[in-house]
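Scrolling down, you'll hit the structures one after another.
Shared chain: subunit A. Partners: subunit B in the first complex, subunit C in the second.
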Partner chain A sequence: MSRLLKHESILAILTVLALAILAMQSDKFFTTDNLLNQGRLMSEVGLVALAMTFVIVTGGIDLSVGSILGLTAILLGVFWKNVGLPLPVAIGLAVACGSLAGFVNGLIITRFRVPPLIATLATLALYRGLAEGISEARSVRGYPEWFFFLGQGDILGIPVQLCLLVIAAITAGVILARTPFGRATYAIGANETAAHFSGIRVNATKLWIYTAAGFLASIAAVIFVSRVTTTRSDMGTGLELDVITGVVLGGTSIFGGKGTIIGTALGLILIQALKNGLSLSGVKGDGTIVVIGVVLIVAILASAIFDRNKGG
Partner chain B sequence: MKKLIVAMTMGLGLLSSTALAQSAWTGGDDQPTSPLACDATPAVAVAKPYDGGEPAGAPDRAGKKITVVDVPKLIGIGYFNATTKGILDAAAELGNVDAKTDGPTKANIDEQITFLDNYITSGVDGILFAANDPVAIAPVLKKALSKGINVVGYDANSTPDARQWFVNQAEFNGIAKSLVDNLAKEIGEDGAFAIVTSTFTTPNQARWIAEMGAYAANCHPKMKWLETVEAQEDNTLSFNQATTLINKYGDELKGIVGMTSVATPASAEAVTQAKLCGKVAVVGLATPNAMKPYVKADCVKSVVLWNPVDLGYAAMHVLRAVADGTLKAGATSVKAGKLGDLQVINGSEILLGAPYTFTKENIDGFDF
Partner chain C sequence: MTDVVMSSRGLQRSSLRRFVGNYGQELVVLLTIVLLFVVVGSYNPRFLSETNMNSIFSGNAYIAVAAIGMSLVIISGHIDVSVGSMIGVIATMAGTLAVSGYPVWVAWLVPVVFSVVVNASVGALVAYMRIPSIVVTLGMLSVLKGGLISATGGAWITDMPPAFMISQWRIFGIGTPVYFMVVLTLLAALYMRFSGFGRSIYAVGGNMEAARAAGLNPERTVVGVFALHGLFAGLAGLLFATQLQVIQSTVPPNLELTVITASVIGGVSILGGTGTVIGSTFAAILFATIGSALIFLNVSAYWLRSVLGLMILATVLVDMIRRRRST
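Showing the complex of A and B:
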């Protein structure tokens, strides 16, 4: 445990440093308004990153989360407008379909023993293709006003989706760190064969985790549609890269067995702060991408150095 | 377990069948069309009340220095490089404007919204935009208006109440008429053609295609539309899509219409590489520089566009006039520097002018 905390401490220091520098560069950065707004914008990536932490800790990866987001968004529009279901039912059904998509991912990985990278690469194309085919190039608009509360409203001044994100993060953190399910996740990532022979239900755990990834991606889709008031089949393109960057920056090892929700949260905060703060300081879009890449490399190198220094 | 898998496969199949519930996609939107007359009779301008949005509590910016950010659909393509040049030229000419262009590197609405959001927070005085999606961009633009920022669009509109004015490069039905007439001249009255467009919700392309359909139905009813494919302002994708069309329809395909300044040169390249120059006509919207090699090689006979440098220039002047308070709701024309007076049409749209056809004779006179 104390080894894990090493990376999180470096990351925490880096985050605080970055926040301080960015706050000095622009006086608009550290205002409550801006910080809450950034919280609102990072909720979609944040929710998916929580599930992705579990996935990567087991040594797997899920590249199809962006496509699941797009597919769920389109299905939401189709169920509501074309099939004519009442909106709450359409939302529930769309989320169910998104979770089903995640379940199918898990099925392909556990039953057919396809490596997660290949399986989710294939479903990335499959789900995106389904989204484009089903939407047939039409976007759905004209949702009722109450629906926009989810993506654009506030509870006690805090954006709705940020509240959701915090609750989800606390739940995920508790599950990963304190429950047998979380310990099983670490065991699978550390040594899958040993975990299997220790009596841990490896396949069931993985199925749950990939389904959760689909579920959270579909919740993120609903929030996203509510935020931009329309559905498009190219929504969520590239989301998986943002999510994986945040998770890996947070200290989760891509080989599995290591990672915490706190680390993921810090990683996400750092990236969002950089994207926003740099833009406010006048750095253009391309410069921001370069900085984020450099920060990612520095953070990984730093934690790799500390790993090498530990004994044994 | 097996039953579960079978059930799920059926479920997925059922989901995809909803795709069949919708009609074939032409790429056009479903708003009302108003095709022009088949001959050269100009359209009658219909007066409409102002339907743009208003900023809330905008400070008095008359005569003062303002910071303006321009967020186009994407950066890095010739067309928006040209509009940026126009914007910066106008800013230099006005003298009291600090303008810069920033935007996503792909035509992605999510990223465009994030860019706009950040600039709103950093407190710019004015925003110029070309939208990737008219409805999705509306919430963030309304937020800008609510913070007292002046918002003017160009090239691709948002919903009218999300911006104050929109500088329209040419009437949608005018562009449609130019494209279809040029196409009919080259492929004949009963030729078959296909369309390569941007993304399905890009507002300007969708409007043009809808108007093209209406105009062709009136004036060239025997021309056959084969298919519309999506190429997302990406060079490689446009080339691949055009090549696929050529391979799929073979001899039946007589013409390809490129709806974006990226699709048209890519389609011309696809036709050149398939050695079908002269047999498959390529007509479309493109910058003259991109098309010079194909026009010189007689592969492409005509290119339709407007001057994007002028478009950016006019947009900047409109924004300055709005910030200064000299352009108010209900105005019928606005002075745009060296372009003179521009007409207000459709309530809150400002017309740049008529579309221009570039041919082998005149294409050398332009450099953008």
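Showing the complex of A and C:
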């Protein structure tokens, strides 16, 4: 456990350092408005990253989350505008379809024993393709005013989706750290065969996790549509890489068996702070991507060196 | 039937079966390509026209070349998700050098050397520092992509000297990229099959500790594999750069996924240790053929990607069922 927390403490120090430096660079950074707005912007990636933490802890990966987001967004628009369903029903149906997409991932991975990387590589193309085919590059707009509350509104001054993210993060953290389901998740990642022979329902657990990834990607889609007030089939392209970067930066081992929700949260905050702080101090958007890449490599390198010194 | 009375026909059949067993995935992909050509060609003969053949083979050769390197990486038990960004960087670098008045060979050589050096460094981080390759290359993806866009601002490069445009030459009426694809695939296949280093890649990917116990140096092998992968990515970048009259200075979207998928569909197991580079080249051709066939079959371009996704899924499922039956 102390080794697990080691990475998180390095990360926490890094985050505080980054926040301090960024605050000195620009006096606009440490304002309540800016910080809350950043919270709004990281909610979509954050929600998906919670499920991705579980996926990666089992030793798997899900590359299709960005495509599920795009597909759900398109379905939401089509169900509402073209099919003519009431918006709440359209949202419910679209989220159900997105969850089904995640369930299908889980089915391919557990029933057919296709490695998760390959299975979700294929569904990445498939789901994005469905989104493109269904939408035929038409965007849907003109949603009713109340719908924008989810993506643009506030509860007691805090962005709605940030409240959602915090609740979801606490729930996910408790499930992973404190329940039999969480322990099963770690056991599968540490040694799947051993987990199976210890009576853990490996396939059912994985199926739940991949379905949850689909579900959270769909919720992120609804928030995304509500925030930008339109649906397009290319929504969420490349989301998977942002999400995986956050999770891995947070100390979750890509080999499975290790990782915490706190780590993921710290990873996400660090990335969002860097993005925002650098752009406030005049670095162009693409320059910040470079910094995030470097931070990812350096953070993992540092924890690998610490780990080795401790082990050796 | 016992071994003793096995007739010559039985022997033949068993060696055929072994061939199918060893190269099953490659054969499935090849048969699919042939089938597509026959079916779509009889529906619309223009599918088999020289122009379309050229666009299928020449236009996608760079994907096949990049997939050769990717196959080596995956066979060694690793992965590179940054190859798409690398190809974008190489193309822009080569184009910039070419229009800045450097000799053509400099414009070709410098980006390739850059790619080899960067990938070898990635290999060193993976092999000696024990950082998972997906993490290092994920970071590298951001660095290359962000670096490229912030350095160029997305400006297009045009007016490259004709001598630089390696992809646009023709020998006996066939575009140079096709020669690159065929020759590099054959060389890599022979190298993987017969050279000591080639076989050590399989050994390291199959079981790293066993390879070490057998006297191999797995770390050095991994660095070598990434350096070779850098070479193939470099060449792919040059083919990509000189394909059109303009270089867009951006990262081609989803290129890394296309390249990885080509390797995997071609029969390279993502678990490492098995697969051939011939399969990945076949798979790259298959994707190009599917894409072109859909256009000729009047399938709406909007549905193209979902059909491709379904095909990938079908190939993978068939492969998994076939593998399960053989074990």
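Here, the second predicted complex is superposed on the first by the 310 of 312 C-alpha atoms of A that agree within 3 Å, B and C clash if a C-alpha of one lies under 4 Å from a C-alpha of the other, contacts with A are read in each partner's own complex, and residues count from 1 in each chain.
As a working rule, contacts are C-beta pairs under 8 Å (C-beta built on N, C-alpha and C of every residue); 3 or more make two chains touch, one makes a residue touch a chain.
The model shown is predicted, which means the values in this text are computed figures rather than measured ones.
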Subunit B versus subunit C as contact partner of A:284, first or second or both or neither: both
First, second, both or neither for A:228, with subunit B first and subunit C second: first
Subunit B versus subunit C as contact partner of A:247, first or second or both or neither: neither
Which superposed partner A:164 touches (first subunit B, second subunit C, both, neither): neither
Which of subunit B and subunit C A:237 touches, first, second, both or neither: both
Partner chain(s) touched by A:113 [first = subunit B, second = subunit C, both, neither]: second
Which of subunit B and subunit C A:133 touches, first, second, both or neither: both
Residues of subunit A that lie at the interface with subunit B and also at the interface with subunit C: 130, 133, 135-137, 237, 284, 286
Subunit A residues touching subunit B - in the complex, by the definition given at the top: 26, 28, 33-34, 37, 41, 75, 78, 82-83, 97, 100, 103-104, 107, 111, 130, 133-139, 141, 152, 224, 227-230, 232-238, 275-276, 279-280, 282, 284-286
Subunit A partner contacts - residues on subunit C that touch it in the complex: 79, 81, 125, 129-132, 134-136, 138-150, 253, 257, 260-261, 264, 270-271, 300, 302-310, 312-313, 316-317, 320-321, 324
Sites on subunit B touched by subunit A in the complex: 1, 5, 8, 11-12, 15-16, 18-19, 21-22, 25, 27, 75, 100, 102-105, 108-110, 113-115, 117-119, 121-123, 133, 135-136, 138-139, 199-201, 230
Parts of subunit A lying in touch with subunit C, wherever the complex brings them together: 61, 63, 108, 112-115, 117-119, 121-130, 132-133, 135-137, 237, 241, 244-245, 248, 253-255, 284, 286-294, 296-297, 300-301, 304-305, 308
